[in-house]
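First chain written, first letter: the chains are A, B, C and D, and each begins at residue 1.
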Amino acid sequence: MLKVGVVGATGYAGEEVIKILINHKDVKIAELQAVIDKEEPISSIFPGFKGKIDLVCKKPDPDGMARNVDLVFLGLPHKVSMELAPVFLKAGKAVIDLSADYRLQPDVYKVWYGVEHKDKDNLPKAVYGLPELYHDAIKSAKLIANPGCYPTSVILGIAPMLKEKAISTDYIIADSKSGATGAGRKPDLALAFSEVNENLKAYKVNEHQHKPEITRILSEVAGKAIDVIFTPHLIPMNRGILSTIYLKLNKKLDTKAVVEIYKKFYKGKPFVRISDEGKLPQTKDVVLTNYCDIGLKVTGDTVIVVSCIDNLTKGAAGQAVQNMNIMCGFDETEALK
Amino acid sequence: MLKVGVVGATGYAGEEVIKILINHKDVKIAELQAVIDKEEPISSIFPGFKGKIDLVCKKPDPDGMARNVDLVFLGLPHKVSMELAPVFLKAGKAVIDLSADYRLQPDVYKVWYGVEHKDKDNLPKAVYGLPELYHDAIKSAKLIANPGCYPTSVILGIAPMLKEKAISTDYIIADSKSGATGAGRKPDLALAFSEVNENLKAYKVNEHQHKPEITRILSEVAGKAIDVIFTPHLIPMNRGILSTIYLKLNKKLDTKAVVEIYKKFYKGKPFVRISDEGKLPQTKDVVLTNYCDIGLKVTGDTVIVVSCIDNLTKGAAGQAVQNMNIMCGFDETEALK
Amino acid sequence: MLKVGVVGATGYAGEEVIKILINHKDVKIAELQAVIDKEEPISSIFPGFKGKIDLVCKKPDPDGMARNVDLVFLGLPHKVSMELAPVFLKAGKAVIDLSADYRLQPDVYKVWYGVEHKDKDNLPKAVYGLPELYHDAIKSAKLIANPGCYPTSVILGIAPMLKEKAISTDYIIADSKSGATGAGRKPDLALAFSEVNENLKAYKVNEHQHKPEITRILSEVAGKAIDVIFTPHLIPMNRGILSTIYLKLNKKLDTKAVVEIYKKFYKGKPFVRISDEGKLPQTKDVVLTNYCDIGLKVTGDTVIVVSCIDNLTKGAAGQAVQNMNIMCGFDETEALK
Amino acid sequence: MLKVGVVGATGYAGEEVIKILINHKDVKIAELQAVIDKEEPISSIFPGFKGKIDLVCKKPDPDGMARNVDLVFLGLPHKVSMELAPVFLKAGKAVIDLSADYRLQPDVYKVWYGVEHKDKDNLPKAVYGLPELYHDAIKSAKLIANPGCYPTSVILGIAPMLKEKAISTDYIIADSKSGATGAGRKPDLALAFSEVNENLKAYKVNEHQHKPEITRILSEVAGKAIDVIFTPHLIPMNRGILSTIYLKLNKKLDTKAVVEIYKKFYKGKPFVRISDEGKLPQTKDVVLTNYCDIGLKVTGDTVIVVSCIDNLTKGAAGQAVQNMNIMCGFDETEALK
């Protein structure tokens, strides 16, 4: 049994990691930590865990955790992860970081997060944990930069066409819509029920911190620098992301042909489902699952891609466990189906 | 034109007072104040006001406001109102306080709010601003304790039967359900969208601070001390309160007879509507109005009362304006229909 | 492997039964049927099933199903079940009926459902499938009347006090609140999003068809006829029921003592969790689980019980699978934890 | 006093027209009609109207209505309006049709609605009721084709840039999101609360019947044929449309310059508000108002336009009243501010 720890156990992603791992046959949750006022059973913080897990959630003590576990999930705010990850790595433990701290090059990180990166030693060794693109590297990784929720939905929706070199790389638009858990579990007036409910807004238009992550990975896929216009929107629902992506074909393809390209690209990938021609996915079909559902429609020389995930599962905790499964040689779908 | 000021203009109740007063033909909004970081037009804080009102919302300055206005609405947290109201009263200005600070006797206040009341001089002069019960006193009041949202729905739902002496006063149950704006506009994890949405809970069961307000007024109506079991619930919607009230008849009455009692009791009251026998109200019919809709059903010796209001209108800002209309001799329904 | 069939596979309860059985290690879903326009894979009707189950959902053919399965779940509207169940029972197959058709005595059924019962032969043999009360009878049953969602939450919330003979049986009030899936999956203006969202209403006050089910079972528990005042409310959320129940003590007990009574009563029952004194459950902690969470508070001589379930799991499909597990000698919690 | 009638008084748009007209100082609601089972007061159908309007809603009788009113609002399904409008027009009454029946040329109508147009006589005389573009024509119109909700938000968001000839007309993308009332008030499983809530989907991608309306009007504005890629999405909220529009500049302009173009274009138009540079609108600021709020952001050679309306007000009933005000020489904003 692999002994795992979760730091940031009281956030939505942390809660979700625990929820998934409870049902994992090869894993034992050995330690939970979070920034909390008093140490108490995780089942007091999330009463849904009563009768399922009784572990006490402790205050942060990375050294203590490093002694007790083989692998650590970091469900922490940006800028905090890079302070803790080195402790675990130095102790020879595997780390799956759900924050953005290991997803960007140091100079880009500084531009978007406003601070110098604090762990430039480990940063180059981090593997971007999107199994559909980086499966082999994940296998031998010790440090995983688990992808952001928006990037997961957008990158999986665009990569096949880029790889196929079937689209213009000049004008890619990703119009993304996310439920409110994507913003994390915290007191914030902008996230209050009465502010989010019965409202709809775009925010951080083309300035969201997930943009450089999207362009970095898509540039790697394309083999050249690529820009994406990225508009996130906040939707009055708890979970789910739907990205509507507009691509411009550089060759003549109909919907059927494009569907084939995607089906071929994701063949054998257990968590991507491509809708048949004429059908489109919706978020409720992926919520509480690790699936990314993708639907396609060609009109003229435009491909409209609709890509759906659960932001907390495939967009965070589920993908993190999928990465762990690959790193540890478990069945890739264990606890995720 | 009556010049009015609003302190606490950036809360939900304050916003609502402004929204109503914009359409009031006898009133000019002369000054807005709130605890804010920087002074800016109220239309920057609530963009919905753009093109309707351009007044700058200032930081609290009660003396300044007292010089500029004839009447002040206080949309402030409990314990703050009683520090400001005396300034306005001393300057001869009328005050309508939407907090709980002037609704209870000093000893009860101390028990429920944990502090000594700071304005015991004015407290006895405050009139409870429920026009359906205290119309005449409101007319000549200088200080209005504007009722709480839950109490408005509960008291209006019970008063006719108490007055009629038709129910046992031993066992009155009020099971109330409220939308999330009732808790105010503030950063608070318990009020976050992802916590409130798709969830339902009871809270402060029989310990809510609105309980002593309910029992105080109902005891006045009954002419003897009365207890009420009061259970509030948080509902995933923005606005609206529905109270389901269970009363025990002490004489034989059918639904038809009870409906008649209520219709007679509220005859001529412009903001209470009694459903015909066989019909029950729902919150959507009162939301964004100043109405209290009441439906009734007798089964055996139990009367089930369903009482609906909009917590921000009849339960706060609308009722406050209704009180102002009465105090100032305006049409009671001006700006409210 | 037990071969099971689901009739009514396209309703919310049917969908949920399938979702649970997919993960059941002792069961094979052998056949799905529903009233549909054309036969197609269940994964076309519920795209979330893609990659999980590919069975074609057929039009109703009870004889055909009877040949293929060992046990049948009937997720059908009231009045339809009693026409199909006899077919399966005659063929020696076990039946778990999620409708109300086998929950009441024939005379009461006629009063509440307006028609003569059509299967009076099997009706007396039906066992009420509430495992916390009827575990032994379920074990040897061939026909289960699976409890309604409201009755599950209300009966589990009251039974311990009745059994303890600690409450007056004269005045029991159950104020229940349910999410919208409780009303089933069907086109109905009253269930339209724009009608339910941002609204709150009581309906069928003390006239809901679940009332005689509640009183029948509670009368059995008490050993004498018992009435309950039952008010259902429709809440703008998908899943979850919270019942707030008001009981009158006939002896002096404090919250601590009452909590002990409940803990003792449900000792060893895997799906009931009693909140510690001072805590109350909320629906989000039971949604998507088979738990019934119960919290208690005594005030004067009143016990306030808060009882939460997921209406589609413990209130329907989960409880149905729990019953199957008991009938078939499987682990009672298989596929449910 | 202008006497008006509403046909289709029981739909969301019809209800909204009534709600607005109740407060209109120059108008008397003289007659209400709808396809209903029995004639009853409109306040029985919409209890929110109790105490405000007591008119009985009658079954359709166009001749009867034509005798009683000066102007008719048709809140009817597509294909029905074109059967009734001629009756009123022949009787010399003004008609404001909220359906799509008079918005398209007959050949395009046939393609999108699948039937031959039945009122080709009046069709060419219909004026497209978007006051910001067709104010003068509306003034003298007898038949108004009141714009669709999506088209209102999209056309107002694009027209200024087209008029300025500042964008490429080759690649215009409108990604629109709408609340559920946009689909009308009817029993429909796809619109059920449990289907729409906690879900997000695109639908009729580039095949929505509002597309030809958008391209027709924008082509008129541009003076040449224009295509728009139009993707509608269904959002779990009652009211509001937000359209995110992507335009490609054909000259160098920054956000400030583009904001100026929009402010100039809409100068003097009472219901369009342009956000200052750096700010973007959200639906809650326009819900229950007749405003269209537009925000702008330039990034590289792309203009991102965010255009918000209330689908039932500026997107239907409010705009219809605005048109009536213009046609009848009333203050354009009467009853709308």
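As a convention for this text, a residue touches a chain if its C-beta (ideal position, glycine included) is under 8 Å from a C-beta of that chain, and two chains touch if they have at least 3 such contacts.
What you see is a predicted model, and the numbers here were worked out from it, not measured in a lab.
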| item | value |
| --- | --- |
| Distance-maximising chain from subunit B - centres being C-alpha averages | A |
| Chain pair with the higher count of C-beta pairs in contact (A-B, B-D) | A-B |
| Centre-to-centre distance between subunit D and subunit B (centres being mean Cα positions), rounded to whole Å | 37 |
| Separation of mean Cα positions, subunit D and subunit A [Å, integer] | 39 |
| Gap in Å, rounded to a whole number, between the CA centres of subunit B and subunit A | 45 |
| Residues within subunit C bordering two or more other chains | 179, 197-198, 236-238, 281-282, 284 |
| In the complex, subunit C residues that touch subunit A | 46-48, 50-52, 198, 270, 273, 275, 279, 281-282, 284-286, 288-289, 291, 293, 337 |
| List of subunit C residues in touch with subunit B within their complex | 171, 173, 175, 177, 179, 197-203, 205-206, 227, 229, 231, 233, 235-240, 242, 244, 246, 248, 280-284, 287, 297, 299-300, 302, 304, 306, 308 |
| Of subunit D, residues touching subunit C in the complex | 12, 179-181, 185-189, 191-198, 236-238 |
